[in-house]
Each structure stands twice: as C-alpha cells, then as structure tokens.
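Handing you a structure now.
We just call them A, B, C and D in the order they show up, numbering each chain from 1.
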Amino acid sequence: MDLNKEQLLAFYKNMVTIRAFESKAVELFAAGQIPGFVHLYLGEEAIATGVCACLEKTDYIASTHRGHGHLISKGGNLNFMMAELFGRTTGYCKGKGGSMHIADVDLGILGANGIVGAGMPIATGAAFACKYKENGAVAVAFFGDGASDRATFHESLNLASIWKLPVVFVCENNGWAISNAQKDHQNVTDISDRATAYGIPGVSVDGNDVIAVFEAADAAIERARRGDGPTLVECKSWRWRGHFEGDPGAYKDPKDQEEWLAKDPIPRLEKNLLKLKYATKAELDKITAAAQEEIEAAIKFAGESPQPDPQEVLTDVYAD
Amino acid sequence: MDLNKEQLLAFYKNMVTIRAFESKAVELFAAGQIPGFVHLYLGEEAIATGVCACLEKTDYIASTHRGHGHLISKGGNLNFMMAELFGRTTGYCKGKGGSMHIADVDLGILGANGIVGAGMPIATGAAFACKYKENGAVAVAFFGDGASDRATFHESLNLASIWKLPVVFVCENNGWAISNAQKDHQNVTDISDRATAYGIPGVSVDGNDVIAVFEAADAAIERARRGDGPTLVECKSWRWRGHFEGDPGAYKDPKDQEEWLAKDPIPRLEKNLLKLKYATKAELDKITAAAQEEIEAAIKFAGESPQPDPQEVLTDVYAD
Amino acid sequence: MKQMTYAEAIRDGMRVEMQRDPNVYLAGEDVAQFGGCFGVTAGLYDEFGPKRVMNTPISEAVIVGHAVGAAAAGLRPIAEIMFVDFMGCCMDELFNQAAKMRYMFGGKARVPMVVRTPCGAGMGAAAQHSQCIESWFTHIPGVKTVMPGTPADAKGLMIAAIRDDNPVMYIEHKQLLPVPGDVPEGEYAVPLGKADIKRVGSDITIVTWSWMLQKCLAAAEELAKRGINVEIVDPRTLVPLDKDAILKSVGKTGKLLIVHEEVKTSGFGGEIAALVAEEGFDYLDAPIARLTPPDTPIPFSPILEGAYLPSEEKIIKAVEAFF
Amino acid sequence: MKQMTYAEAIRDGMRVEMQRDPNVYLAGEDVAQFGGCFGVTAGLYDEFGPKRVMNTPISEAVIVGHAVGAAAAGLRPIAEIMFVDFMGCCMDELFNQAAKMRYMFGGKARVPMVVRTPCGAGMGAAAQHSQCIESWFTHIPGVKTVMPGTPADAKGLMIAAIRDDNPVMYIEHKQLLPVPGDVPEGEYAVPLGKADIKRVGSDITIVTWSWMLQKCLAAAEELAKRGINVEIVDPRTLVPLDKDAILKSVGKTGKLLIVHEEVKTSGFGGEIAALVAEEGFDYLDAPIARLTPPDTPIPFSPILEGAYLPSEEKIIKAVEAFF
C-alpha cells in the first residue's frame, strides 16, 4: 500500500519525538532527576510508530516496562508523561505510577506494566470488551521477546484465538531479555512461528523499517476489525541501551551493537523521504528541532510542577 | 521395530489390569467406598502402557488427576493404590493423598496431581536432575489436551528445550477438558503442532494403538537418553466415562461415544496377539481373570486395612 | 422472601444483575451449558446465551487477567475460578494488575470485576481442592473480600459485589451450596463492609464466617442449653471489615473467640485478634482464643479431614474453656 | 569474622554450600554471567560454571516448578525470583506443589529447595517492584520463611536454608544489600526457628525483622537518650517462629510494638499480636500496637513512598505513645 506524504512525515515526527524524549531521559536519569527504574526505547522507535499509526483514539493498547514510545505513539501528552517520570502531581498518575506505570485510559492506553507479559491478558480483555460492545475497536498488546516465554503469552493467544478477539499481539524482539540473548532463552528464530500453536497468522518484519511495520500491523489490525481474530506480529529490532539506565550492557558484542546502530530507523526513513522528495533535509531538521523543543518544554513543565502532598499516599486505592 | 511375544503379552496384561482396576473403581465409588474425586482412565489404557514400557524403574514420571493407569504402568503396587483410594494407613500416602495424589517416589512416580498442568514443571525438574547427575535416566510428563492450554505447558516445554533436558511430554488428548471439547478450547487439531513453538519434535499417534504409542514413545525416550532433548508426543484417545465419577457426560454425542467404544484398545491388541499366534483366546482370558483376581485381592487388602489415627493429621508436614 | 439454597441464591444474584446490566458477563471453565463444576451457573447459559456466559480454556491467568482489561474497558466481568485452590495460578493478575491498576494510574481507572470461587473442605477432596486462603486476599490493598455464610447473604453480597467498582473476591463455600434459607426476591443488595450479628448474646463473642458460621450457630444452641449465651458476629466481608461491630460486641461480652477454616498461622483470625488487642484491649477480661485447623495441608481420609476441621464439639469446648 | 555487605554474605552462604555439596545449584533470570539484577550472584558462574549456575527464560512458574521436581529427584535447588513481587506468577508451584508434596505423599518425599528473592521499598520502584508479602508464605504449611536483617544472619540463614530438607522462602531486602557487618567465616549456620535479641531492654518489646530491624535499632538509640530502654526481638525466621523468645520478652517488658514493612491488614504482625493476645495476655499492661505502612499499594514518588514507609521518627513516636 502507498503511504502518502502526510503519513510518512507523521511517522518521522513521531519517531524523532520518541528519540528526543528518550535521549533526554538518559541525561535526566544520570542527573538524578528521575527516580526508580527507567527502560528506554531508543532504537525501537519504528515499531510503536508503525503500529499505533493504524489505531484510532478509541482503540486500546497494553504497554510494557519499556513503554514511553508506545505512549507517545498512541497520543500521550509529553508534559504529563515527563511529569510522571519526575513523580509530580501533574503527571499522568499524579506521581503514583512512574515510568513503569504511565497510563491514559481515555486514550485507550491501559498502562505500561512492571510485570513482564502482564499486558497480554489485559489487551485480550480489552479486545473482548470491544467485541462485546460491537464498537469496531481493537486492542494491541506490546511485549518483548523475553515475554514470549511467559505463561501469559500462551494463555492469552490461545484464548484470543478461541474467542476470535480483535487483538493484535506485537512482539518487539529486540534481541535481549536483560542479559539473556534471544537464542539463549528460546529455540525459535522467528517468534511469529509460535502463532502455529494457536491456529492464528504470524508474521515477522524488520522492526527498524517503519513502513514494513505499518504494513504488517495495518493488515493485522484490519483483519481484527473485520472480526477474523488475532494475529501475532514480530518486529525484529535491537535494544540500543542497557536493559535499564545504569546497566552498561557489557554482555552485548560491540560488533552487533555497531551493526544495529547503523540500522537506525530514523535516517532510514529520512533517506526515503528525501528520495521521494516529500521533504528537504532542512524541513526534516525543523521537525526534529521542534520535537526537541517540545521535550524541553515538557521538562520545564515537569520541573516546575508541584511535588505531591504526602497525604496523597492514602487516596485512589478504591473507587467508590 | 518388532515387538516380541513377551512384550506384547506384557502390554496386554498391563492394559487388562488397568481396565480391571478402573472398572472396580466405578463400582466402589458408586457404593460409597471411595471418598472424594475419582477420575478414571477407562479407554486410555494403551497410552500409559505403551509409554511406561519404555521406562526403567530409575526413570521418572509426573502424572495427573487421571493417574491410576500411569501408576500401574510404572509398577505401582495395586494393594497400596487401592488402600490409598480407600484412605487407609496402608495406602501409598497413608490415606493423606487419595486418588489425586498417589505417588511412589522410589518407583520414580512423582505423584498424581490435582492441579492441571502441574506435572510438567515437576517432570522438567526431574529431567534436569537426571542430566545433572548424568545417570542416563529420563522423565515423562503425562498431561491432557486441556492442560496443553495452561501456563505450565508453555514454560516447561520452552525451558526443557533451552536446557536440552531428557524429558518427554506425553499429551493424552482424550477429546475433552471436563465438558469442553478440544475444538472449543484450542484452535489446533494436532496438539503436537505446538512443538514448533519450542524448536522440538512433535508427533501425534493413535492413542488406542498400544504398539504405535510404544514406538513413538520409544523413539522420543531414546532421543532423550541420547541427550538430544525433549519431544512432544500426542496420543489421541477418548475419555469413556464422565470427567469424574458422578458426571454422566451428557455433553458427549452418543455417536462419538459409540465410535470410540468400538475402538477399544484391548480387543485391538487381542486380535493382534491371536493373529500372531502369541496366545490363544483361552490364554488371554486367563491373563484377564488373573488381573481381576489381583484387583479383588487389592480391594480385600484395602478393606481390611486400618483407618488412620486422627493424630496422624499432624505428621509429615515438614521433614527434619 | 423465597426459600432457596445458597447455590441458587448465588445464581439468583448473578441473574438479577445480568438482567439489570448488559455489561455484566460470566466467564470460566465449564460455566456454560455444563453449569459449572458444582452446578452454580446452571441455566444462565440458556437464559443469557453464548455472548454473556462463556467457557474458557484451562487458563486461570488469562481468565482473571482478561477480566482486568475488560473491566478497565467498561464491562463488569464475573470470572469464575473453579476452586479457590487454583488462585495460585493467577495471583499476579489479581494482586499486581486488578488490585493496583487504579492506584498506579493515579485514580484514573475503574476495575469493576468479581472473581467467584468456591472454597473449603469436608468432601474428601484433599490438599489441593479443599483450602481456605482468604487472608491472602485481605492482604491485597485494592481488593475486597466477601465470604457469605447464608443464602440471603450469598445473594445480597453477590449483587453488591457486581455493582462495586473494584475487584471483589467472592468466595463461596462448597459445603454451603445445598443449604436452604429464606432469600429476599429481586434487587436485594447487602452492603460490603457491614457485619451481621447472627446471634445476639451476652457472655462471649464469636467472630466467624462462611461454613464455620453454621457450625458456630449450632454450637451456640447447645451452649445456650448449658447456660452460656453466645453472640455471633459474622463480618460477611473481610475487606472492608466492620471493625465497630466486632469491637462493640467484645465491649459487651469481654470475651473473644475467633473460629475460621483457614490454617491458624496468618489466617484472618490473626488480624481480628490484633485489631481487638490494639483497639479493644480494655474490653477484654480474658485472653483471645482462635479455633482453627492445625498448620497442615488438608488430608484426604475423611477421618483425618474430620480431625483437621473445627467441629461443633470443638467449638463448644473452646467456648467452655473461657468459663 | 570478616567485614562484608549483606549481599556478599548471601553470596558467601551460597558459595560455602555449593562448595560443600555438589547437589546444590542456582537457577534464575540473569543469575549467571550478569550476576543477578542486584549483583548478588556475581562471580558464582565463574566459580561454579554453567552446570551449576544457570540463566532461565522469564518463566517464574517453571523456575519454581522445576525446582520441586529437581528437589524430589535428589538435588538442592536455589531458585531465584528476581523480585518477591513476581511470586504471584508461581504461587501454585510454591503452595500446592513444593509445600504439600511431602504431606500429600504421606511423608515419603523430601523437597529441599530454596526460593531466593528480594523484597522491599525505598528505591522508587513503585507498586510492582517494592512489596513485602511474607505473611502469604507463612500461611502455607510446609514452607519455611526466612528474613535476615543483618549480614551475619544473611549468611547463616542461607546456609541453614540450603541444608534444610523443606522448601524455604529466603527473602532478602534490597535496602540491606549494601549494608556492611561482621560475618563469621566458613560453615556458619543460623538455626531456623531461633529468634535473636538484637537489643536488650526493659521498657518495651519491639518485634521486627528485615530492613525495619535496622530502623528500629536506630530509633532505639535515640529513645535510650530519652530514657526509654527498648528490647528488640528479631525472629529472623517467621516460620518456624520462636514464640518463646517473643513471649519471654513481653513477659519482661509488658509492652509490645510490632514494626513491619508489609501493609497492615493481614501482615505477619497480626499473627504475632494474636499469639501474644492468646498466650501472653496476662503479661500485657498496655494494648499491643502495630506500626506498618497503610493499606495501599506502594507509590512511585519518593515523597509518597517516604510517607508510606515506617521511619525512625514514626517508630520513636509509636514507642513514646506507650509512655
């Protein structure tokens, strides 16, 4: 399918926004301005961008511990996201969640998640609700190669298949589960092969090619909307950073790291845009600069936002 | 491979022994002599018989809630088994376990199990011990079609594959998970197809053909002993009774039930034995009669065994 | 009022809410045509059809986990776990997902879901099919825990649990399923967090719930004949807990016996004893006592299971030991 | 005696037993070359090699479940669960399999295994990576629960846990990992079930464990300056529990404060309070008190997390409230 200029430029803007957000997060964490654990999406920007471009506001996603890219791509507000990383009252979760739990239910974002694999049952349930309400919406579960070894992967894909739910399982195979390389935690090369076990389609794409990701996701999501059930989409990519900030990633072979850095999805789309004459280098640099300014503004917003009142610890446990 | 006379007659003896044990269990449960839940193996005798014929005393099995056939085939003592069903002190578990928890660790029987799918991690761990001790032993996990949808199936097969463990996963596909037909709980016809997800071999055989079961199990177990890792073996059969005694199985289509009753694995082996002239009908009837006598003796043993002393509730919680 | 069994009352509660609210649905193993392992859901499939009463594979993690997503997306799931003993297969989905989603999201999510599951011993079902583990659930902020001990409470608490906007563990007792009683018809809700004085007395307070309530009521009749007048407080919901009702009764009687079916160590009786030792200490004119099973798994043999379980006789003994 | 951190002491305990007993092995996520998420297993892979120190996939159910089978087949697994918060992914394997196998089999199995896992808040890790849930494990007959509060206890209890023939939950605290202390060298075992009086006093008894022990010790010094002489009882193992040590101390002081990091409701403090209200009632000259976090999930913001956690100041206040 042909993607038009607006679409491709929107991909570009989204990817450089994620890149800018995560690059700043590196500095802010190092500077001690972000507490707790931070898992960055650097290098994987094309996946969330391509997938979420197929989704409406009314569709759902379930994210992971490495969730910033998913949230930005689903329309998350950068100020509220950054403020949450800072633990401020203006954050998405009023400072109660942090990076691992950012959510915006109104945007269909059912949360980052600190439990590997926990998003799959949640997305399965959201998809069930879409089918039950017959509202034409779908749900997407993002999860990693490591998560594909968990209980919840098996039970979710099997149930989604049996119930023919409008859900797409997007496996972000970045080659690593913390220090454990994919070949050391599972004996499949293409995780999409696991779809066989559930009688659903499985497809693997280059996760650093935003257009390939979009096309695969679009087909799977359209299939889901048609009522033909779930699909497993594997996007192969690479985790640029350590597992979380603070992990130097010493277990990575520098050669592999180099190779993958060279496959940076952003210059790749950039070349494409220039070739198609959809934009000049100067115009693209302007988009990038604008994104960086947005992030600076978000940091300012977060930094100037109030700290929570200690009494707040007691609220929001139960709805009444 | 050619099975000799002794082997085939041993199969026959084992199958009619299971048949006799379970048939009596039907009566005893109806008569109120067996408390709790009883899940019977009637119709599935060929599976445990064919699989356990490949095992040594030093090998391990992890069984299920439908475990009588596995125990008998692995060499379980009929008196101790029946006494356990009766809840007597002479039972395998001194009356503390009952049908769902009979075990004989000395025979490598790591227990029936009340939790569906719980035997798979246990067999995986026993296989790890065999590999760790380099003692050439293997482990077999029996489980049902319904159990193949559980968390533990996925995590066990993946770990066993990665660690190349000497374990064989024997799926007893009897068509039902309580009232849920296989087609209603999973979208695969051959459960052995799920092996793809772990990069291990998967094979499906007629579970009512003891020779086919033996040959498939033998190949898988030899492979495991050689150090080539796990195999998933699906044995297709049928649950003759309701899920447990007391369930009339009204959800079964009588036509299917009839068809499967006609596939009774015992007459099938009997025909074979007669054709091969390994035995006369009279000789086979003698084997059957002898088995029935053994069961009668076991019932007598159980019935005459003492009830536990109430104080016994407090012992065996911790080893010291 | 209508005579029905505890099982029928649970079903009636589900039916009333399913008729009232199209967003309520039921999912679990064998809950559809089969009617559930204990027949509790019998007839609901015929009445509400395959869209609202669904069988699941044997996949506890996604039975509870999908309910979290469905609830967050606006439905009101009733997820059945066939035995409470199987909650170990889906604890993460309950305690890290369902229970915490609202708080982690800064109060911006609602997770209205009920996990319905039977507990309890007494049928020779052995160690993995007979347990009571309610104190686990009471240790999870964000979850409510409901344990009806009569048919009327079974219906009223079911309706309240379904209407509640939070995850609720609704734990029914296998031994109570056939027990009959008078049950209000129609939309009868029992508020969560309101204890019920099941027997008014003056000499000693017994706090108990679920099946043990019935045993305590029987024991109290016998004790009355012997001149001991027992007050029985049934909290009905362990979280939220009606502390005032417990403290008020102990303030009246000065003596507290807690009877439950969980093993003693870290059973919910410990929490109730602690509550009274903290906030009702001056009311007490005798040590608090707990009557529970011993700290062992549940044995299969009916004789051993009988030795394991609190009984009317043991309750009578435990009460008489106060005097 | 050797100065080492709590983390080094845990490692030393594992190393000593792995050297002594070839059947001891370690399996978990990233425990090999990487040395574990908190570096606790660093160096063990180099010393003992890939046969005895193994990475696993992210599969908690089979991490704990395989250990049950391996233990029943004669090995002594140490299974690491990266955070105790993840135990919800493998509770069945712990509570229905590991804990009950021996009893269900009539005493004819041994399941010598250790589940090693870090607990605790204080690092801004939020609701799913900061919990303390030890009371769950103490509610499982067949399992022992160990919670060291010092480097010496960390080593001694690790060695005892590995040598024990039962499933043992060995729960280390993330905040204690860098804490230094004197640790006996070589084969130093601390018996399971033996409390340690970490501070002798006469005015009030504090029962506490793990990280809170350190906070209580600091508070006790300040209170001493203010003329209140605190006795601190560290049970070290919650199951088996050294009841006599607790009762003896309360018998001496007449006052009991329990401090723990679990949420209050159904935390293990309730069990200790109940024990004393049952068996030490006459010793008490004041109501029992518990100082714990509130019944909420754990918030991310350091300010909110600080409000959630018991602190030296809060402990001092809670003690002074007795006088």
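Rule of thumb we're sticking to: contacts are C-beta pairs under 8 Å (C-beta built on N, C-alpha and C of every residue); 3 or more make two chains touch, one makes a residue touch a chain.
All values derive from a computational prediction rather than experimental measurement.
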| item | value |
| --- | --- |
| Any chain in contact with chain A as well as chain C | B, D |
| Chain at maximum distance from chain D, centres defined as averaged CA atoms | B |
| Rounded Å distance, chain A centre to chain D centre (Cα mean) | 36 |
| Distance between the centres, which are taken as Cα means, of chain D and chain C, whole angstrom | 30 |
| Cα-centroid distance, chain B relative to chain D, in whole angstrom | 40 |
| Sites on chain C at which at least two other chains make contact | 56-57, 59, 61, 85-86, 89, 92-93, 96, 103-104, 126-128, 141-142, 295-297, 299 |
| Sites on chain B at which at least two other chains make contact | 93, 95-97, 101, 113-115, 149-152, 154-155, 158, 162, 184-186, 317 |
| Chain-level touch network, classified as line, ring, star, complete or other | complete |
| Interface residues, chain A side, partner chain B - complex | 149-155, 158, 161-162, 184-188, 193-194, 196-200 |
| Residue numbers on chain C that touch chain A, as the complex places them | 25, 51, 54, 56-57, 59, 61-62, 64-75, 77, 92-93, 96-97, 101-112, 141-142, 144, 165-166 |
| In the complex, chain D residues that touch chain C | 85-89, 91-96, 99-100, 103-104, 126-128, 133, 135-136, 138-139, 141-142, 239, 241, 262-263, 265-271, 273-274, 276-279, 281-282, 284, 286-290, 295-297, 299 |
| Chain D partner contacts - residues on chain A that touch it in the complex | 35-37, 87-88, 93, 95-98, 100-101, 113-117, 146-147, 149-151, 177-180, 184-186, 251, 307-308, 310-314, 317 |
| Chain A-facing residues of chain D, complex | 29-30, 33-34, 37, 55-61, 85-86, 89, 123-129, 294-297, 299-304, 306-308 |
